[in-house]
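Per-chain numbering from 1; labels A, B, C and D assigned in written order.
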Amino acid sequence: MVSDLKIMKNTATLLINCPDRKGLVAAIADFLYRHNANIVHADQHQDAENNLFLMRVEWDLNGFGLTPDTFATAFAPIAERFEMQWQLKLSQQRPRVAIMVSHYDHCLVDLLYRHQSGELACDIPLIISNHKDTQRLADFYGIPFHHIEVNKDNKADAEARQFALFDEYNIDLIVLARYMQILSPEFVKRYPQRIINIHHSFLPAFIGARPYHRAFERGVKLIGATSHYVTEVLDEGPIIEQDIMRVSHRDQIDDLIQKGRDLEKVVLSRAVRWHIENRILLYANKTVIFD
Amino acid sequence: MVSDLKIMKNTATLLINCPDRKGLVAAIADFLYRHNANIVHADQHQDAENNLFLMRVEWDLNGFGLTPDTFATAFAPIAERFEMQWQLKLSQQRPRVAIMVSHYDHCLVDLLYRHQSGELACDIPLIISNHKDTQRLADFYGIPFHHIEVNKDNKADAEARQFALFDEYNIDLIVLARYMQILSPEFVKRYPQRIINIHHSFLPAFIGARPYHRAFERGVKLIGATSHYVTEVLDEGPIIEQDIMRVSHRDQIDDLIQKGRDLEKVVLSRAVRWHIENRILLYANKTVIFD
Amino acid sequence: MVSDLKIMKNTATLLINCPDRKGLVAAIADFLYRHNANIVHADQHQDAENNLFLMRVEWDLNGFGLTPDTFATAFAPIAERFEMQWQLKLSQQRPRVAIMVSHYDHCLVDLLYRHQSGELACDIPLIISNHKDTQRLADFYGIPFHHIEVNKDNKADAEARQFALFDEYNIDLIVLARYMQILSPEFVKRYPQRIINIHHSFLPAFIGARPYHRAFERGVKLIGATSHYVTEVLDEGPIIEQDIMRVSHRDQIDDLIQKGRDLEKVVLSRAVRWHIENRILLYANKTVIFD
Amino acid sequence: MVSDLKIMKNTATLLINCPDRKGLVAAIADFLYRHNANIVHADQHQDAENNLFLMRVEWDLNGFGLTPDTFATAFAPIAERFEMQWQLKLSQQRPRVAIMVSHYDHCLVDLLYRHQSGELACDIPLIISNHKDTQRLADFYGIPFHHIEVNKDNKADAEARQFALFDEYNIDLIVLARYMQILSPEFVKRYPQRIINIHHSFLPAFIGARPYHRAFERGVKLIGATSHYVTEVLDEGPIIEQDIMRVSHRDQIDDLIQKGRDLEKVVLSRAVRWHIENRILLYANKTVIFD
């Protein structure tokens, strides 16, 4: 449905994070110009309070004078001079995404359809679930599905099997699409800034379990959903995206749950998309989203 | 700006709260019909979980066969039979509203303009502030202004003077338009369901002080505002209205504060309006808003 | 995903449309009470300008003293006295919905998933498309799929085949889920108030073809979608629901199309849901939505 | 209410519009670096379809090596090489804004309060109205008010008096805050991209007169407002900002008008703010808003 051009584009994206100093933009722009880069998108952010400079620049690789291999050496002097943390991402190296899911399948259904329609420029080679419900859906989309039961006694074993699958499939990003198990600290530590979760409330309201029930009891007039990177403290990782929907006294808990599904789908898929398009930079437990 | 018809309308509004039983609507509708009421608006809500029936019905008083004085006696048999709590409100008895304000005057400015333009069908005979800043604005609108300083040592005295003013001006509703003092339990107890506050966050997120600063630190992608009735537990009274606005990494704290002002104005004014139009029913620390 | 209770409920819904007169509500409520109805939801609307009364009342059939067959006779005196147009709908007679679709399948995918998850209380026994793309999806959900090619020369024939299928499957509602063929006047006349379309703009802006392209050219800051009943004049039928999404100069036409898909799905599914839950009343080319 | 820092800042903003070419950003960044600019904000946009490059860069003037007078000469070689159209704006040269208003004063009230509270970094030395209603408000804020009656016979004369006032007060921007007179082509030509209007609909829906009445008749579910630059064709100038609000069958025309006021205020004030902060670039009858 989406034009093929978008999917086939051949660009490099450079993400930079460093102390803010004069001459930064000039040095980067001059470097790219000297190597004949055709910039298609650039955005930057200065955080005055933390004296921080964050930048995302994307250029067409046609005619560019460096290869991914020679880039690092050529860029090193600038990177060192300005004390940069940097990453180079190539649009043609599509990130490999694993989806973890439990009973609720609306986010999974949504992500798979968006992927198929060309909206998500990634590969999805793996679905893991602690239930068998979504096997048939995975089959429909031709994606390997692994059922790994999780209970109080086998958690470490189950996670070990999950890690093995992530390794086998060379997974870059893990998406928790309403996966209802709490990950161990080891799991979280193993994939820093590489696990995205959807929480069904407007965080930091209703941290923890059963947020719709608690929203109903509190009598809020809006319900929300929040996608965030998973860190060691539950529901306190950097927020990527949030959205809300209006509710009224007419809405019972079932209605909140149903309305919330539409929120969860959209809020999770935006986070996944921005991550795989290398639009997210992290600092101070917050995200910068370069749109 | 608003048509005079709206302001001059002559209606009665009956608010009912009782256990849900068959025949309720028939009994009420028959009663109104027998007394020749011309219903202009009716709305009801059944809460199945709590077996509760809530109703708001408004009718034109032209041709109605009862007076406000005779209504209670005539309605008593029905009210008793169905164990109703009920209130009768007359559109021509405009509620008398006092506004309390501190330094931040945006909500005050907004309420006074809405009142002048006919949007709020109430009288505003009193403004109380712990600062003198808004005196000139009160004068512009011709509203008596009382400066009552509040500090750690004189709180009880200050509140006593406030109570005296509320009595003197026959105040029905107290609106805290960014009034930055915490009311004593006595104050709150004295005006049950008659104090409306605006909190500058999406409650229950960021309960308490400096919500915009905490929202900034948490890196939320939306900021909110909440209007609620004041009860004894800070920021936990029944929520009347909430709304949100999108923010990004580009927004510093000053930007959140500024964007938030637009939210606070709208969210507080809706609550005040619904209260004075008798559209709010309370139960289980929640509100039903009959629109 | 949704509680079975919702799906299995056994209620009747009465929709009424008549001149506004005193005693209407009393007469209806008394009638229902005499026949032992347990009202679970009631809503009404008075249109003062057109002197019109519109009502939706839903009651539990457990213990109700009339059958669907005896209802009409029992209700006739009231209906005649107040010159009512009325319809009685039973929750257990699920409407039968046909979906028509062309290349773009996002609305179809969305409707089928919502149906499967219990959100749409209807049967979907038929999908018709002028392309074969969605056959596999129909198979996945086990729904009969009919490919009927449409071109300039065979339009009348194609529609005749469509009518035959609607008859064969006893279709109550036809949903145009991005069906890109214009229906003939005969088609529209045959199914009055029984065809719902999704238009990918905020009507009446960008009536007709290629609304996203025209929105892009005009430089709007919001894009929209509109679901409406189909009438003889293109894109001018009664509007059921609309929603919008923010766009910026960064969004190219492809981005508008992609963002718009999320709007179209939500806006169409709400319209379908409200229709099958008998929440929509029509008058003066407008809809009343009883929520 | 807003921190003084914001108001007192001393920056320069360069707005650039030219054909997209390699080396553009490097040339600009290098130029600024050589003259010791401390960039506080930079944003750019490439329009691939039109091969256009648009940029906004803002830097602190403390320590900058050029004066406003010497800037043009120093920048000329780059500007010529890349065929740039460019403007340099200084934060300390506050734009001078005239507001024109008729009966409806809500936008005027809103703009004056925002200005007073420090939200709008401009001077407002002039209010012109074809009615006397807002004189008292202008006096409250200490702003010269001129009543210039406009009728069919005196339009040219009235505009001549308006032009004389704009000249006398050195007006940079004219804001039509619900000014209900149509400007002559001469007026519009005299102030290209310097007149901002608020239209009370979601353009291009309901172009022309009485948009709320037409929205009501059409039965839309959302109403909107649009701020735009005024060009010779009525309501077809470049759109700066739009927003919408949900309405229902319960809303009569008066309700639309009232709800719309909240929209108009916000949508107009954003446009004015972005204009005076030099965030708007125009091309192809569209706006780029650098946020």
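Miscellaneous remarks
The definition used in the following text is that a contact is a pair of C-beta atoms (placed from the backbone, for glycine too) under 8 Å apart; a residue touches a chain by one contact, two chains touch by 3 or more.
Being a predicted model, the structure only gives us computed values, none of them experimental.
A count of C-beta contacts for the chain pairs C-D and B-C puts C-D on top. Chain centres here are C-alpha means, and the one lying farthest from chain B is A.
Put simply, the C-alpha centre of chain C and that of chain D have 42 angstrom between them.
Spacing of chain B relative to chain C, judged by their CA centroids, is 37 angstrom.
Residues of chain D found to touch two or more other chains are 48, 248, 250. Contact residues on chain B toward chain A in their complex (touch as defined above): 45, 47-49, 202-206, 218-222, 224, 238-244, 248-250, 252, 284-289. By the touch rule above, chain A contacts chain C in their complex via residues 1-3, 6, 103-106, 109, 113, 117, 119, 140, 248, 250, 254, 257-258, 261-262, 266, 291. On the side of chain D, the complex with chain A involves touching residues 22-23, 25-26, 28-30, 32-33, 36-44, 46, 48.
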